[in-house]
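Have a look at the structure that comes next, please.
Letters are used for the chains, namely A, B, C and D, taken in the order the chains are written, and counting of residues starts over at 1 for each.
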Amino acid sequence: MIDFQKVIEHIRTEVTVIEDKGTVATYIPELAKVPIDKFGMALVDQYGKTHITGDGEERFSIQSISKVLSLAMAFAIKGEELWQRVDVEPSGDPFNDLSLLENENGIPRNPLINAGAIVICDVLMTELDNPREEILQYIREIANDPTINYNLDVARSEKATGFRNYAAANLIKSFGNLHNTVGEVLDLYFDLCAIEMSCRQLSHAFYPLMNLGKCLRGNQYLTIPQVKRMNAIMLTCGFYDEAGEFAFEIGLPGKSGVGGGIVALLPNEFCVATWSPGLNEKGNSRLGMIALEKLTTNTGLSIF
Amino acid sequence: MIDFQKVIEHIRTEVTVIEDKGTVATYIPELAKVPIDKFGMALVDQYGKTHITGDGEERFSIQSISKVLSLAMAFAIKGEELWQRVDVEPSGDPFNDLSLLENENGIPRNPLINAGAIVICDVLMTELDNPREEILQYIREIANDPTINYNLDVARSEKATGFRNYAAANLIKSFGNLHNTVGEVLDLYFDLCAIEMSCRQLSHAFYPLMNLGKCLRGNQYLTIPQVKRMNAIMLTCGFYDEAGEFAFEIGLPGKSGVGGGIVALLPNEFCVATWSPGLNEKGNSRLGMIALEKLTTNTGLSIF
Amino acid sequence: MIDFQKVIEHIRTEVTVIEDKGTVATYIPELAKVPIDKFGMALVDQYGKTHITGDGEERFSIQSISKVLSLAMAFAIKGEELWQRVDVEPSGDPFNDLSLLENENGIPRNPLINAGAIVICDVLMTELDNPREEILQYIREIANDPTINYNLDVARSEKATGFRNYAAANLIKSFGNLHNTVGEVLDLYFDLCAIEMSCRQLSHAFYPLMNLGKCLRGNQYLTIPQVKRMNAIMLTCGFYDEAGEFAFEIGLPGKSGVGGGIVALLPNEFCVATWSPGLNEKGNSRLGMIALEKLTTNTGLSIF
Amino acid sequence: MIDFQKVIEHIRTEVTVIEDKGTVATYIPELAKVPIDKFGMALVDQYGKTHITGDGEERFSIQSISKVLSLAMAFAIKGEELWQRVDVEPSGDPFNDLSLLENENGIPRNPLINAGAIVICDVLMTELDNPREEILQYIREIANDPTINYNLDVARSEKATGFRNYAAANLIKSFGNLHNTVGEVLDLYFDLCAIEMSCRQLSHAFYPLMNLGKCLRGNQYLTIPQVKRMNAIMLTCGFYDEAGEFAFEIGLPGKSGVGGGIVALLPNEFCVATWSPGLNEKGNSRLGMIALEKLTTNTGLSIF
C-alpha cells in the first residue's frame, strides 16, 4: 500500500527547490499580491484519509476550479438536458473562443471554458431561488466546511476588468442562449471565481468525483454515470489548450485555476489538490503541474 | 471474473437488431460497396485470450486507425523529439484544420488528424529505407499475422479524390514542415489508410498499448511512458470532433476509421475492436460506438 | 445637360412597379412598422439644385448612414491621427467581425462596420463636451435643417436587443481601444443610428463629400484630401459584404442603412439619396440599389 | 492641359532620391537579382500619346498584374456567367484566403487574389485550345507588341516553391470548382505570372480599361459595362489588404505585382504604369505607390 503522506512530502521537497516557479497572474490585482513561494498539497485516499503538506491548509482564490463545482450542481439538477445548452468537446484553441461561439450559434464548446461556465451560471440562476447563497451552501456541504466563502474584493476586481467575459456573454445572449441578463449572470460568474478554499477543502469538495458520487460523509451528489461524464469532461477540457498536454504528462482528470490551484483525481484511488501561485505560459500552476506529474510517475497511478 | 465472450455476444445480439445502422461512406467508391449489415467484434483480455463474435475475422479497410500504428512506429524511433513536428492538443473543429495549420505555422494540432498523420508519414519516409514495406512489416509483426496487406484499389481510389489532403500537405510544405515531396508522402499516407485488417488482427495490433508496451508474443514495442502518452493522445484526439463525446459516453482511449472500424482499450484490462460499416453523422461507426458504450456500461470497466 | 428631375422621376416609375420589394428589417420592432411601398429619392446637382421624387421628403431611420456623418466629424477634429484607432480596409466578411477584432487586437477593420463606428463614437465622446447634442447640431448645420432629431423609441428598441454590439464593444475595450465605458459609448452609438432624416436632408448632409468639402451654404467641413479619403472609404467599405458588388454594379461611393436608405455621390457631379424600406438578402435596400444602378446606367455617370 | 511628360519626369526626380526603396522580393530567386535602383514610368493619355521616363522601356516580371489581363480575356469570353465561379468582394485579409475558401465552398472572394486567378486560369483552360499560346497572343495584340513573352526560368522557380498555391488549388478542386487538373492549371498560372513586360507595354495593355474597352489601335476588347466592372474590381481588390489604403491614398483602380510593377488608370483620362522592384511591407512597390500618390495629388486627377 502506498504511503501517500510520504509521497506528497517527498514531492514537496523536490518541487519547492525549483527556481523557476512561473509567474503570478497580474491581471487581477488581488491575486498579484500572493507570495510566489507558497506551495500546498492535499490528498484524500480511497479510505477517506486526508494527507496534507506545506501550505495545504491556506486558502487561495480557486478561480476556474469553481467551474467544475457549478457544473456538478447544474448537472445534478438538469441531467442530460443540460447538454442542449453547452457542448462537451475540447475547445482546441483558447484564443478562438469567440469565433467558435459564432460558428456554433452561441453553444459553448464545453462547460469548462469561460463561455461554457457562463451558460452554466445562467442555468443555475434560472433554477435556484438564491443562486449565490445556494451554490455556496452546496460547496460548503460537499466539502463539509461552513467557513468557505467568497472574496468580494477579488470578485469586484474581476468585474471591473473582465471585458472579454462581457463580450462572450453578450455574444451568447445574441444567440438566445442566455436567459437572464448579462449583468446578473456575470455577477454570479465572477463571485464563483472568487471563492477561496484550501487544498484540503478542494480535495474534499472533489471527493465525490473519485468516489462514485459520494462525499466523505456518504451523501450521494451525482449518479455513477454522471461522475464518469464529469471526469471525461475534466480530462478532455480541464486545462485550456494544455488539456492534451496534461492528459499526456499526467493522465488524470482535473481542473486548474489562475489562482495557482489544481485539483485532479484517479477514480477509486485518490483525489489531490495542489497550490502554487506561479503560472506557466499556458496559465496553469507551474509547480502544481510538476508535482502532479511526479505523483503519477512515482506511484505508477494514472488512468492510462 | 467477467466472461468477455458472453459479454460481446450479448452486445452483438443487441446492436445488430438496431434499424438505423448509419450510412456507409460513399466518397471512396471501394468502401461504398461494403454491405451495411456487417458487424464484428474482437476482444483480447489481460491474459491474452481473444474473444470473437460476428464478422470479427473479416477484413475491412482500417483507414484512420492506421494513424495510431504509424504514430507508434515513429514515436518508438524518434522519441520525444517527434513532438517538435506535431502537437498533441485536441483539434476542436475538424473543419478548421487548414486554418489551424495556418495559425500554427504548419505544426498540426495532433498526430491523429489527417494533417498530423501526413507529417508522421514524412518522418517515417525520412527514417526508413523502404517505408512502405517496413511499416507493413512492423504491423504484421505486432499483430503476428504475415497476411496483413494494402488494398491497392482503395489506395488508388483515395489518391484520385483526396484533394483536401493534398491541400493540407502543400500548406504544411509551405511552412517547411514536410521534408519529402508532397507526392511521395501522400502516396505512403493513402497506402497506410488502405491497409485491410480484421477485428481480431486490430485487437492484437493494439495489444501493446493496453499491455505496457508488450505484444501478445512478449516483444516490447514502446516504453511504459510512451504507452501512457499514446493512450492520452487517443483519448483526447482519437475521434475527431466527437473526441469529447467518446470520452464522455465510453471513457476509453481509442481510434475510429471511416471504414467502420473502431479500436479501444482499457489499460491492463482489455483491447477491443469493432466493425460495422455504417457511420454516424460525425464519421464514426454508429453500431461500433453503441457496442463500446454497452461494453463499458455492462462491465463497469472504463478509465473514469 | 442632364435633366436630373426627369431622370429620377423616370427611375421612380420604373422601380415602384417591381413586385419584389425585399423585406423590411424586423429585428427592430419600430422599423418593422414602415410600409413596404414607400419610395423616395432626392438628388442635389453640382449647382446646388435639389430634385425630389416620391416620398423624398418623408423621414426615416437613417441607421448606419449615420456612421459616415460621425466619421466626418471625428476626422475633421482628429485628422490623420484618427487612423491609429481604426483601420481603412474592407472587412471582407461581416460574419467575421468579432474574430477580425481578435486577430487585429481590437483595431476595427474600417469605420463603417459596427465595431469601427463604435470606436468613432468613443473618439467623439472623449473630444466633445456634450457629444449627443453637438453631433446632432453638426448634422443639422450641414443639412441646414434644425428639425432633424433622434427617434428615442428606435434607440431604446435597439439598446434592448443589440447584444452583438455590446459583445464587440467589450472586446474592443478588452484590447484597450475604448476609452469611455461600454455603456456610455453604446448609448451614443444607438442614438446616432436612430436619427431620422428624409432623402432631401440626407442628400444635403452628404453634399460636402461631393463638393470638395463645402456644404450648400458654402461652409467648409472637410479639407479636399479628407473628402477624397472619405469617398475612398465609402466606396470600399460602405456596403458590408456587398461593397464589391456595389462598386461593381453602381460605381459610386456611398452608404446604406437597414432603415432602407442609401446615399451615394459622384464627386463634382451629384449627391443622391434613396429610400425604400425593403432590404435584399445582404441588408441593403432592394429598390434603392436598383434605382442607383439605373441612375448610373441611364446617365453614364459613374467613377469608372 | 496637363503636360504629363513633365509631370512624370518630375515625379521620377522626386522619388528616385528616396533612400528607403523597400525590399526586393526574395522568395523567387530570379526576382531577387533585379537591381533595387530601377525606376520606370509610362503614361498614355486620352489622346493615345505615350509618355515615358526612367527605365520605362525595360522589361520586368509582371507577376500578379497578369491576373487582370487573364480576367479580361475570361470575362470577354464568358460574360456574366463568369461570376458563378468567382466572387467580386474584397478579401479583407490575405492571410485568411484558405479559410475563406473553406467557408465559402471553394468560391474565391475575387479574381485578383491567387485563388481567384487560379479559377480564371481553369476557365481559360477549358475554353481555349492552346491556352498558353492564345493568352500570350491576346496580350501581344492588345499591347500591340509581338515580342512580349514568358520568362521560363521565373516560371520554373515559382513552380518549385509555390506550395501555398498548390494548397489553394487542391482545396478549390476538393469543392469541385476546378475542372482541369491541379497540375495543368498551376502550370498555366505560374507561366502567366512570369510574363515580362515594360511600363510602356503595360500601359498599352491596360489602355482599353481606361478607353471604354478600345485598345490604342481601336479594337474593342470589352463592352463598356464590362470595363466599368473590371475597374470596380481593381479598385476594391487590386492591392491585397492594401486595397483600402490604395483607394484612400491614390484613388485609382489598379493592380500591383511582386515584381515591382503597378498599373493604374483614370477612366477617360490616362493609364499609367510604374516599376520599382523594392516592395513595402504589404508587398506593393514602395516607390511605385509614392509615384502614383504624387501623380494624383499633383494633377488633382483621381476618381474621388
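To be clear about the criterion, a residue touches a chain if its C-beta (ideal position, glycine included) is under 8 Å from a C-beta of that chain, and two chains touch if they have at least 3 such contacts.
Quick caveat: nothing in here was measured; it's all calculated off a predicted structure.
Contact with chain A and chain B alike is made by no chain in this entry.
Among the remaining chains, the Cα-based centre furthest from that of chain D is the centre of A.
Chain B and chain C have centres, each the mean of its CA atoms, that are 56 Å apart. Centroids of chain B and chain D (each the mean of its C-alpha atoms) stand 48 Å apart. Put simply, the C-alpha centre of chain C and that of chain D have 32 angstrom between them. The residues of chain C that reach two or more other chains are 96, listed in rising order.
Of all possible chain pairings, those that touch are A-B, A-C, B-D, C-D. Put simply, chain A touches chain B in their complex at residues 87-93, 96, 100, 103, 109-110, 225, 227-229, 231-233, 235-237, 241-245, 247-248, 251, 253, 267, 302-304. Listed in rising order, the residues of chain B touching chain D in the complex are 95-96, 98-99, 102, 163-164, 166-168, 170-171, 173-174, 182.
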